[in-house]
Structures are given as structure tokens and as C-alpha cells.
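Common to both upcoming complexes is chain A, partnered first by chain B, then by chain C.
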Partner chain A sequence: MKKIILITAVLLSSMGINAQSPEARGLEIAKAAEQADLGFKSSSVDLKMTLKNKNGQTSERDLTTKTLELTADGDKSLIVFNSPRDVKGTSTLTFTHKVGPDDQWLFLPSIKRVKRISSNNKSGPFVGSEFAYEDLSSQEVEKYSYKFLEEKEDILIVEQDPVDPKSGYTRRVVNYNKGKGYRIEKVEFYDRKNSLLKTLTYSDYELYKNKFWRAGTFNMVNHQSNKETLLKFSNYNFDANLTDEDFTQNALKRSK
Partner chain B sequence: MKNKLTYLAVILFSFSGIAQEDLKKTINHDFELELEAEYRYFYKSPSFEEQKDQFPSLAIRPKYTLDWNKGYESITAEGFFRLDVDNERTHWDIRELYYQKVKNNWELSVGLKKIYWGVTESNHLVDIINQTDAVESFDGEQKLGQPMIQYSLNTNFGAFDFFYLPYHRERSFAGNKGRFRFPIVIDKEDVGYQSKAKEWRQDFAIRWSHYIGAFDIGISHFYGNGREPLFTFDQLGNINAFYPVINQTGLELQVTHDAFLWKFESIYRTAKAQDVFAFVAGLEYTFSNIDGNGLDIGVLGEYLYDDRDELALSALQNDIFFGSRIAFNDTQDTAILIGGLTDLESSSKIFSIEASRRIGNSWKAELEARVFSNIDANELLLANFKNDSFLRFTMIKYF
Partner chain C sequence: MNAIKKIENASNKFAKKWAAFVIKRKWPVLILTLILAMGLGSQGAMEFDGDYHVFFSKSNPELEAFDALQEKYTKDDNVILVLSPSNGNIFTKDNLAAIEELTAESWNTPYSSRVDALTNFQHTSAVEDDLYVDDLSYESSSKTEAEIADIKTKALKEPLLVNRILNEKGSVTAVNITVRLPGVDSAKEIPEVTAFVRNMLTEFKVKHPNFEIHSSGLVPLNTAFFESSMSDLALTMFMLIIVLITTFILTRNVYSTIATLVVVMFSIMSAVGFVGLMGIKLTPPSAVFPTMILTLAVADSIHILVTMLQKMRKENMTKIEALTESMRLNFMPVFITSLTTVIGFLTMNFGDVPPFWDLGNITAFGMTMAFLFSTTALPALMAILPVKTKAKKETTKVSKNWYGSLGNYVVKQPVRLTVISFLIIGGMTYLATRNTFNDEFINYFDESVQFRTDTDYISKNLTGIYNVEYSIGSGESGGINNPEYLRKLNDFENWLNKQPEVIHVNAFSEVARRVNRSMHGDDEQYYRVPDNREEAAQYLLLYELSLPFGLDLNNQINVDKSETRVTVTLENIDSPQMIAFAERGEKWLRENTPTEMHALAVSPMLMFSKLGFRQADSMFKGNIIALILISLVLMLALRSFKLGLLSIIPNVTPVLIGFGIWALYKAQINTGMVIVFGMTLGIIVDDTVHFMSKFLRARRELGYTAQQAVVYAFETVGKALVTTTIVLVAGFAVLSTSSFALNSYMARITVIIILSALIIDFILLPSLLILTSRKESKVVSEKKLEQIILDK
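Here is the complex of A and B:
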């Protein structure tokens, strides 16, 4: 009896591969990408953000980001601003959740106040940049529904529809690189009217710990406003051995 | 063979590399400096003799931090000096000067430090560790450095903070030329304490704080010299500040749901001279990214209650606060906070507007206005400030 079930299961799954729906294939790719990045445990990285307006004028921000990988729930992250000087020491602590709203706290260094803030504002710009809050939050598989579009050599193109109705997008079109650990090469963002809003291109990839691909450069171009934001990452550290204790409200207060 | 040699070379190289890296990484230090030019203009004739209308002022804030042991040990120092037309507003302070060590789930701080407790916007009832630098700002958010030993412990059932506070700092008050004062200037030399140990009374505080889903909660208790003085009048007509020994229990609660923040703060204070019960309850709701360009408009409403009635130093005994926080989320971080406080039992109203914007990369401009409107003559404390509506313009340069 058991054998029959096993055979049926094998048959079903092999059939599944042949006649897989675009939805199932899209989800499978997203899971494969998540699987490929599993096990980094914790990391810290410095980040220079360059905002460019349509006239080419630029302004810069420096940040440090620490991330703690969690598997049962979404990751924890701590972002600290180092510049501009008037916001130096301002920091945020985020506990992402696979389902439901994220928990987020803001630290205001001038009066040493920690304030729980709403994570409701997903579509708003992060510190005046072309990145929305949702673009920078931890990308959990559960936050989208998927549809496989096409395969071009190593590149798998998948459409992702945000589950959260508060998202600023109807869909994102993501290019995964199958040959390079399913790293993302490009994302196109379509606004609520389903017209192309932004394109994010990843470049200067490096392989860390022989497993984790991290892009050194993110370039986000807004096609509607002609503004651009460039992110340059440096000093990636996968050996910081951060723990839950580095992602508490006390840790938020002492981050500077 | 070649492989082995390479291997060895790599090992040797990495050893020396580690040693050098360690030295470089061991100690980080950072010096920052803020220079501030401020101009305050009080557009109504003063209530009392000698008070001025115009207050140009300069302030300086140097800050130095040193950390080692991967940042788990540090020394933080922050000074402050202001030069002002009013002699009492010309003052200096060590805002912070402390050593901190972090290990696993605990944290120890020794020295002068600033601690903030609370969730509401219009009044900060629960916040008690630091004395208010009352000449610095009207909103009470500027604090004097408090000497302390603080031990914090993170557990699965919340964070515990223990404070040993060996020294009490007096509240600062305006001098002859300054606004926001009584007909008679408070005598700085003649400060009274209920405790025989005076400012050296050894005080203690404890706080438990936790978060469960949408709820953030804090419960605290303070036992020691009160931060808020009572005023005594002697036979010569002098007004003196008197600090009673108090027991104060505080509760902070915030529920964060969608774009709503529901807030509640309450204190129960007992002292020989006076028992106090007070609370603030309110909400904040933010309409975010209204224009698709990052414009956020928040609306705030809070109710303030204090059972001291007209003796409340804050004059917030039965009042409603309403306000709006507008953030443009532009590259210059332009933000505006508009507020109004209205007394439910009298005609008294206070309106305020605070705006700020970064200029270039290292400058910031701030604008503040506070308007005292129809202040009831029966308001024991606030009536003294009825002509103290002002405009403030500040430029800050960051180095």
C-alpha cells in the first residue's frame, strides 16, 4: 500500500514538473532564491546613498545596516544614519514578519527617545530617495504571489504581485540569475496604474563565504520623475556573529 | 610543494593581517561639533520690569565618542554651552559623560547620561530621570545630564532597567532679563529640600518595559528628590524652589495598529506636601505618501488631566491638545509640527508651530513660534507668561 502511494507521489511530482503552472514555477524560483541565501546568520554593511534629481544635483547619506537572519519569521534589521550630520545617530529597528505588518522603532538621538512607529507606510520614499520602504525591507517569499514569465539563458523572469494592498505596486518583474545562486539582476516596478515606474539594477556582485552573492551597487531609476538613487555597499561583514541581543531597543539606543 | 608554500604564506600573512586589523578595529573614535545661532523675539511688551524683547544667542555642543571591543564598550561625552542676553540662560552643562559596557543580555552605564521615557507628544509626565533644562526650551524636552549607575537586563519577558541616582540637579529658571518668569526672580541660592541630605540624597528608580505584538508597555517607579519643584514664598516676598521627596509610579502604553498610534501615559506621585495623579491619553494617525511623492500628514489629539488643578506647574490640568505633523520626506527633510493647547475650563490657549529644514549637507534651519492667547487671569502660573509669545529662528552648523 505504502509503495503505491509512493509511486503515485513520484508520478504526480514528475508530472508536476512537466505540466507546472507559471504560478507554481514562479513560487519555486522565489523559494530557490531564498534557499540559496539561507544560512548567512548575520551581516553588517556600510552603505552610501546618492540621490540625484532630474537636474543632476546630488545629495548623499551614509548608513550602516545590520541584519540578523531568522528562519521561523522574517529577519531583524538595524539601520543607523551616519550622515547628513543633522540626522547622525538616528536609527531604526525593524522586525519583519512573513505575515502581517512589520514591527518598527525609531530612535531620536537628540532627546534619546525610542518611538514605536507604524510600518503602514510602505510606498513612501525612504529618506527622500527613489527607494520606497518596501523596496528595502526584508524580502520574504510570503509577501508576494508569483507568475513565471520567461527564461532567457540563465535569466529567469518572474512577475511578483504584492500580497499587501498597501503596497505602491501592482507588480514587480524580477530577473533571477539561475547560474549565480538565483541572485537578482534587475527589478522593474509597475505603479498602481500598472505603468512602469522604476527600474532597479544590481551590479558589482561579489560572492561571500562561497555562497552568498551580494551586489556592491544598486541603481534605482524613476522613469516618471527622472530621479535616480545609487546605493554603494562596502565593508560587508559576515563574521560579526550578531545575536538577538544586538537587535533590541537598548541596542537601538546605543547604536551610533 | 608550491601549494604548501602558498598555503603557509597565506596563513602567516593572515596572522599578521589579523593583528593589524585588530589594532585598527579595536578603537573607533569620533568628534562632532554643533554651532548654533539663535534669535528669539517676544513681540509683546514684557509683564515685568527688566525683561527684554530680543534675545540673540549662541550655543555650542561638542560631542566625543570612543568605542572598543567591537563597540561593546564605549565612552560618550557631550558638552553644552549657551551665551544669552539673560544671565541665567547663559549656562553650560555636561549633557553626557559616561562609560558603557555591554555583554550578552546586559548593559552597564556609569556617569552622566540622558534617559527618556514616554509615548505622548504634548506632555512628558513619566519622564523623570533627568532634570529639565527649563531655560533652554519651552517644551521641556531639553534635559540636564544626570549622574547615575544604570544596569539594564534584557529577558524574554521584557527589559529591566535599574538606576542608582546619587545626585539631584536643580531646575534652571530665567533671570531678571529673561521671559517665562514670575514677578520676582527665583532665588537660585536659596533652594530647599525635604531631605536632610539635600541634593546628595541617594535616589533609585526601576523600569520594566516590554512589547507584545501591537502593544508597547512601560511601568516605572522612582523614589527620591522630585524633579519638579514646589514654590515657597518667604516673608521678604522671595520665591524659593523646594524639592520634596517623592514616590512616583509611571505607566506608558502605546498600541500601534495600521496607521494609528494609541497612546497613554499616567503618573501617581506621593509626597508629604502633595499627592498627584495625572494622565495624558491620545492618538496619532498618519496619512502617508498622500501625493505619491512622500508627503505625510499626521493628525494628533491628546487629552491632559492633572488633579493638582491650578497648582500644576505645567498648567495642563484639564486640557485638549490637537496638532498636525507634516513631513515632506524630501532630500532636505522638511518637517512642520503645528499644535494648539486649549483649556477646557478657561479661555487659555497656547498655539505653536515648529518647522525645520536641512540646508546643503551640514546646515539646518529651525523656526518656532509660540502664541499665548486669552490667558485666564486666574491661571496661577501661566498668567505670568501671558505676554511671552515669541518667534525663534535658529541656524545650526554641523562639523
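Here is the complex of A and C:
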């Protein structure tokens, strides 16, 4: 990872900032964001997901997410469902990969078995919410191609085109906050026919360990169905000191 | 002095003054009316709304239930594209690749939210502890023969595909595009989708000429509504030509024809302005308003012009004298007939179908304006134009003789004619009750419309177009995973599948069975709903995590996982059968499931099925009110309570005969025909008014016996009645050529009713007038009557 950044830096300086193409600038910003968040090692957080339909009817799910930072490949994550009651203890383990499809397993406590999910499909909704699995998984730089669009004060707007042909999107338009460690303020998702599908807004940011910005609220609004999903994060823990041992199929079975 | 005469004098005086004023100030009057018509016309806007929702009022309970279901799940307007390859086999490398290509392109349809096809069907399979959920055929062009054979086997076994996306032979397949129309401006959104799809299909056909393509669905239905509005609007031109020819034949005068043209054009311009000012969006039923106004407005002009020209030709009056005299004679009749027509059209507001409110209101406004223009612009123009005539006499005499002899024939046998008439009317009334409502919206379009033929092809070769949906609740959050719920749902699915009308059932219990099987290594024994709630919930979670963009279960499961949607695809059945089927399903749920699982059947087809009944129920009151109002107008106009009451018979019976003949012709009636009672009442009452007023005049002023008075009425108004009937029949005959059944059936039965009305007014009405006159004392106390009138 560091090597790449170094090479890029060298390349950039040799090209001269003025001659930088929008593509290169976009990539540079994405990398800067990744760089800014580097070194959190591991974290865990509780999450309340509220689904809301057009009429305001709601439905809630409680989850706990653990993440292990990796630099050679994508991050590992483990999500445990605490509610609704009938899926309590169900958990997913995901190994994101910088290139190629991710690996994903699901532990079903009712049959005490771990099932591997074919992960060609990661564009579908996550547990009926407006989040696709691909919106929630670790955002590896390699999964997109980039194009810098514009700069508004501290906000850098970058278009990201997914590399995966099975993605549900043609592009995402991401607002990075340059002054706040390149944290993301807003993402707009464009569907396959390139019309605006959803907007994700991040809010209630807090700075952890003086380096890592984490949003307390994600609000995803689907403009086409008028449904929305709210994620509320609480109990961020950067001191769990999780290791590879906590992200195995065996760990998955123990996870609740 | 005769009281009637007194009243007539009063109105004569008014009409005379009016005529004198209009003729004297012909230029200002003409310019003012021109400004009025142009001013209104400039506000005009012709916008169309093709969304089938327009047929349902906001408070329509079926619409409310359907919208509630759509909001709970997803709003599904669709375009179904049906592909038939010439080799009769979908399962070849090239054909699958072509389907994959069309599917991919279909995702680019504006507002699309989902595309279901054979190739992107999410096939579930298990290998040891791995669950695979993947496209049935991905990158088909690189598949081997063996792989394609495998795909074929899987596809033809798949209950979610067969009879829905694929036929049993594997020779016809569908690509179903679901669109989520924002519903902000259907006049923009629907054509946008249609244009895209049509263009996509044109390109596809060039590239893959071996495919035959048919398309249907709710978006094409809306498009067909759009296009039939526009083609029915185009009928106006035909009607205009017919009006010009008819006017010319009847008046044999170019200037009269021009003046009539001006009046009808002014009336239509005003009506168009009304449409714009009120913000009405035109729909197939309301788009016929120009033809309606043309047909009805021309009668006013013809009455005034024919009298004027007659006076000039026969009595050698000067143009101005003849015009004044004609205005004097026709002002009241034209006013009364306009009033009754307006009342008739306004009763459409009692109905439950908004497009007919628009039709009623636009036409009523147009008719009011037509009355205004006929009594202002028309005489002003005739005063300006250099009208010249040659004296002629013979032709009228011939027809007078003919009508006179018809009158003489009738007066000789009033009892016999009355008895025969009532026997026929009785028979027809009995037949009329044999009609049944049918609002199959596919059949609204005749076979000249591609939507109809394509849809017929699809229902013959692949799947049904009509459906019924139930949202089955479980009573608790997450309750759809309760095994008890799943078992009951499964029973309902099985019961539905056994019904003869059912082609396909899409229920969540099928998903539960399929996933359960895959979780047990694809063991067929486990093709049943899970036994344990946690298992069911966790399997569902796993399955949902495996689905790609746009192919999720949100269209089948609500957010709270407390309800699921059951979609039943049906054969083409008519409205009564459709209603019966829906109720049978509701009854099964009541008898076999707990209360929370009871549900009402909903669907667009069901909404249309009940529309006719709903319209008939709500129009009933309106029709009664119209009848009372119009009878009151008649009583006042004729100054006779008895004759006003008697007039109900010739005014009501033509409708009974109309529906009786219809029972012999089609026996199925649609929503469009419900309005004809009120509408035709306002029109046919004119015949009665003219006939009765002439009869009364002969009795009261000329002292004729009832028989003589009848013959007098025949001689004086016989021709006028035939003339207006011809104009009306011509107008509605033009409308009856519409490819849209709500309009064409309405027009056809109106033609029958108008013709029956004429016959009844020539046979039954005079017979009744003679019979009722016999019993009453011959001499009415003139003084008494005069007193009453003076007291007023």
C-alpha cells in the first residue's frame, strides 16, 4: 500500500500538479482518504438500522459490527444480528478483496451451520434496507475508477465508477471533506440507467483517537421508491485489539 | 285571451327585442362574440392523461386498496416484451444471448426499477455448505451445448418461470420491465418509457430478425389510452365535414353553411378554453367532446336557419324580416332544448368515473356557449352576409304530405299502436335486464389497436394479462417466518393453483420452499416450508443477502416482514367472473385462515371490473334527478302538468329499447354506456318538446281535436324532428367508429336510442296524446288559466 502511494507521489510530482488529469486527481483524493484512515487496526461498533417506507411505517434491526484493518488485502468484517428476535445470533463474515469478488459466510444459529454465500451478487439490498451490501462493505480504492469533478471550499467532489460489472450502479458521486481528514459527507448513487437513485448523508461525526472520523448517523434516501434507511452508530471501540483469530469461521459460530 | 299565448307573447317580445338588438348592432355583436371565443380559446390547452388511474375517483375503495398494497410493497407499472424465436426454441446459444442483451438494455428504460427475464432469473442451488444464487444464464454466448441443455431443464422445472416468463414448450419467453413512474406528469413520463421501449425493440429487431416481438402491460395500456384519446379527437375533422355537408343539404345555402361553421367553431374554441382554464387533462372518454358539441350545437343553428330561409323562400320575406321572425319562433325552443341537454350532461357528475365528469362539464359548457353564439353571432352574421334565395315551394309540400299521412295513419288506430308499442317496450325491457357489465380493459380496444392484438397473442401463447393480488398479513412483525403462517400461505397457494381460471401463482411460500430445499443440499424432500421460525427467518436472511440489485424481495415482502403479497395471474375472464373469482379467494381465506390472514383482492383489472357497477349505482341518483328536472322543465315549457308527466314515457322508453336491442347485439355493457340515460334524455327530450308544443298549440289556439292536433304536429314538426335526428345519428355514428369501446359502445347505443326516440315520438306519443285527451273534459277554462298566469 505504502509503496503505491510513494510511486504515485513520485509520479505526481514528476508530472506537475497543473498537468494532473481529473482521473489522476480523483484517484489521488481517494488514496488520501484511505491514507487518512490508515492505522485504526480494529474497531467494533453497535448499529441500529431503521427502515422506513413511503408511509412512514418503520422496522428496526440491531447489529454489532467488528472490523479488522488489513493493508495487503481488503479489510475483514463480522456483522452480528441482535434483533429481530428470530435472526438473533445470525452473523456474517466478509473478507473483502481488492481485486475479484469478496468471500462471505453466514452463520445460522438455528441449524448451527456456516454457509458460504456466492458473492457475485453484492448489489442487492442488505436485509431489506436501502443499503446495498456493496454500500456497506469496506471501500477499497481498487474497486473504482475515479474522476475529480470539482472543489467547493473544503469539499472535493469525485466521481467513482465501479469496476465490478455486476454492480447496481453506473457511478457514485462522493463528497470528501478535505479539512476533516478526507471524511465523506455525502454520496449520490446513480443506477444502471444513470439516473439518481439514492443519496447517503453522513452526520454526527466524531473524531476518535484524534485521527479517525466516524459518522454517528448514516441516512440513505431512495429517490425512486421514497423509502429510507437510517443507521445510528454507538459505542465505537478502537481498543478491542481484534486479531485474525476473531475473523474465522469458528469465530463466526461463537460470535453472539 | 289565451294564457299560453300571453306567455308566448312575453317570450316573443323578449326574443324579438333580442333579435332586433343583435341585427341592429350586428358588427359589435359579431366582434364581441369573436373576442369572447378567441379569448376563451387562447386559454385553451389540450393535455392528455393516459394513466389508467384517471378512471377512478380519489375515493374509489378499490383504488384505495390497490394503492395501499402498492405502497406497502412496490408500485409496479410494467412493460412485458414477449419474444418468439422463429426456430421455436428459446434454448439455443444465440437466442439466450439475444435475450440477455435485451434484458441488459431494458435496465436502461426510464424509471425502470426491475427487469425480470429468463436469463437473469435468480436460480438457487446448493453444493455442500455453499449456497449459490446466480443468474440462470450469464454470458450465454460462451456456454456449451451441455450447459444450455442444463439451463433448459432447470428453467422448465421452475415454477416461478413457467407460464409467467416462459411457456411450457420453451418456445416463447418474456422480458418484464417494472417501472416506477413518479406520477408527477403522466403526459410526459408514459411517452418517455414508450418511446424508449419502441426504439429499443426496433434496434433489437434489426439485429435479431428471427424474433417476433409483442408487447403489453400497464404502460402500453396507458399508451393505448393516450393514443385512442388522440385518434378520437381526430374524429372531430370527420364530424366537421359531415356537419358542413348536412347543413348545406338542409339549407341549400353557402352563407348559412359558413354561419353554422362559425357558430360550431366558436363553441368548440370556448370549450377548449374551458378545458384549459379548468386544467382538465383529456382522457379517451372526454376527448370526444368536440364531436359531441359539434353534433349537438349544429341543431340550434339549423333550426334558426331553416326557418329563416323558409320564410324568405316561401313567404317572400326580406332577409331581416325572416331573420327576426325565425329568432322569435325559435328562441324559446332552442333555449329549452339547450337547457335540457346541459342538464343531461351535467348529471354525469353524479357518476364515479372522473373522465365522464370532464366530458359532461366540457360539453355542458360548450352547449351553453353554443346557445349564446346561435342567438348572437349567428343572426349577426346572417344579417351581414348577402343571403339571397329563390322562392321554392314544392319540396316542402311533398314531405308535409308524407308526414301528414303518417299522422293520419296513427290517429286511426291509437289503441292498437299503444298496445303494440307497450308490448315491444315490455319485451325490450325484459331483454335489457339480461345485459351484464363487462369492463375487461383489454377489450376496450378493438382489433385495429396493436395493444389489443399483442395482448391477445400473449394471453394465447404465454401467460395471462389479468391478475388479482392479496396482501396476506401475519399479525406480527417478522411473522411471515412463522411456520403456521407459511403453511397456511402454502395451502392458499395450492388452492389457488387448483382453480380453473388460474394460470400462475406467485407467493412467498414458494420462496420459503425453494430456499429450504437449497439449505438441505437441494433434496426434493425439503421442497416444503420450514418447520421452525428461526430457521425460516435465517434462511430468508441468507437468501436476501444473495440477491442482486433490482431482483430483491421488496416487491413481495413488506419492510416489517409482517405481510407478503400473493399475485395470481388469470386467464382472460370477463368482469363478473373476475369479481366472483376474487371473492372466492377472499372467502377461502376467511374460512381457512386466522383473522390476520384475511385479505381483500385487489388489482387494476378488478378495479375496472367493479367500475361499471359503481358507476351504475352512483349514476342512478343522477338519472332520477335528471328525469325530474327535465320533466319539470317540460311542464313549465308546455304549461301542462299532465303532459309533462306523460312526457316521461317517450323520454324513458327509448333507453329501455336501446338496452333491449343491445342485449340482442352484444349483451355486455361497459362503464361508458352507463351515462347514456342522462345524456340521451337531454337530447331526445327535444323531439317530445317540439311535438307536444305543436300539439298543444293546435288544441289551444286553433281549437283542433286531439286527432287533428296530432296531424298538425306531424305536418309542422315532422321534418324538423327527422332532420335533427339525422344530424344526431350522423354525429354519434362518427363516434361509433372509435377504436375505443367506452366511446364506440356509448355512441352505438346512443344511435339506437335516438332512432327509437324518433319512432316512439311518431307512433306511441301521438297515440297516447289522443287516448289521454279523450278522457279529459274538452274545454279548459281559459279565464282560470289566464288568472293563474297573471297572478305570477
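Annotations
Going forward, the second predicted complex is superposed on the first by the 242 of 256 C-alpha atoms of A that agree within 3 Å, B and C clash if a C-alpha of one lies under 4 Å from a C-alpha of the other, contacts with A are read in each partner's own complex, and residues count from 1 in each chain.
Going forward, a residue touches a chain if its C-beta (ideal position, glycine included) is under 8 Å from a C-beta of that chain, and two chains touch if they have at least 3 such contacts.
What you see is a predicted model; the values in this text were computed from it and never measured.
Taken together in the superposed arrangement on chain A, chain B and chain C clash.
With both structures placed on the common chain, the touch criterion links A:248 to chain B but leaves chain C unconnected.
In the superposed model, A:123 makes contact with both chain B and chain C. When the two complexes are overlaid on their common chain A, residue A:212 makes contact with neither chain B nor chain C. In the superposition on chain A, A:90 contacts chain C only, with no contact to chain B.
In the superposed model, A:112 lies in contact with chain B only, and not with chain C. Applying the stated contact rule after C-alpha superposition, one finds that A:54 touches chain C and leaves chain B untouched. Of the two partner chains placed by superposition, A:202 touches none, neither chain B nor chain C. Set against each other, chain B and chain C differ in how many residues of chain A they touch, and the higher count belongs to C.
By the touch criterion defined above, A:190 lies against neither chain B nor chain C after alignment on the C-alpha atoms of chain A.
Legend: residue contacts after superposition of the two complexes on their common chain; A:182 is shown touching neither chain B nor chain C. Within chain A, the residues touched by chain B in the first complex and by chain C in the second are 51, 53, 59, 84-87, 111, 113-118, 120-121, 123-125, 127-128, 168. The touching residues of chain A, counted against chain B in their complex, run 51, 53, 59-60, 83-88, 101, 103, 111-118, 120-121, 123-125, 127-128, 168, 240, 245, 248-250, 254, 256. By the touch criterion given at the top, residues 71-72, 74, 107-113, 122, 129-134, 180, 477-478, 481, 519, 532-539, 541-542, 544-554, 557-561 of chain C touch chain A in their complex.
Residues 30, 32, 65, 70-71, 74, 76, 100, 102, 104-105, 107, 114-116, 118-119, 141, 143, 152, 154, 159, 209, 211, 213, 216, 254, 256, 258-261, 286, 288-289, 292-294, 296, 329-333, 358, 361-362, 364, 396, 398-399 of chain B are the ones touching chain A in the complex. Chain A makes touch with chain C in their complex at residues 51-55, 57-59, 81, 84-87, 90, 92, 104, 106, 108-111, 113-118, 120-128, 132-133, 166-168, 191-193, 195, 224-225, 227.
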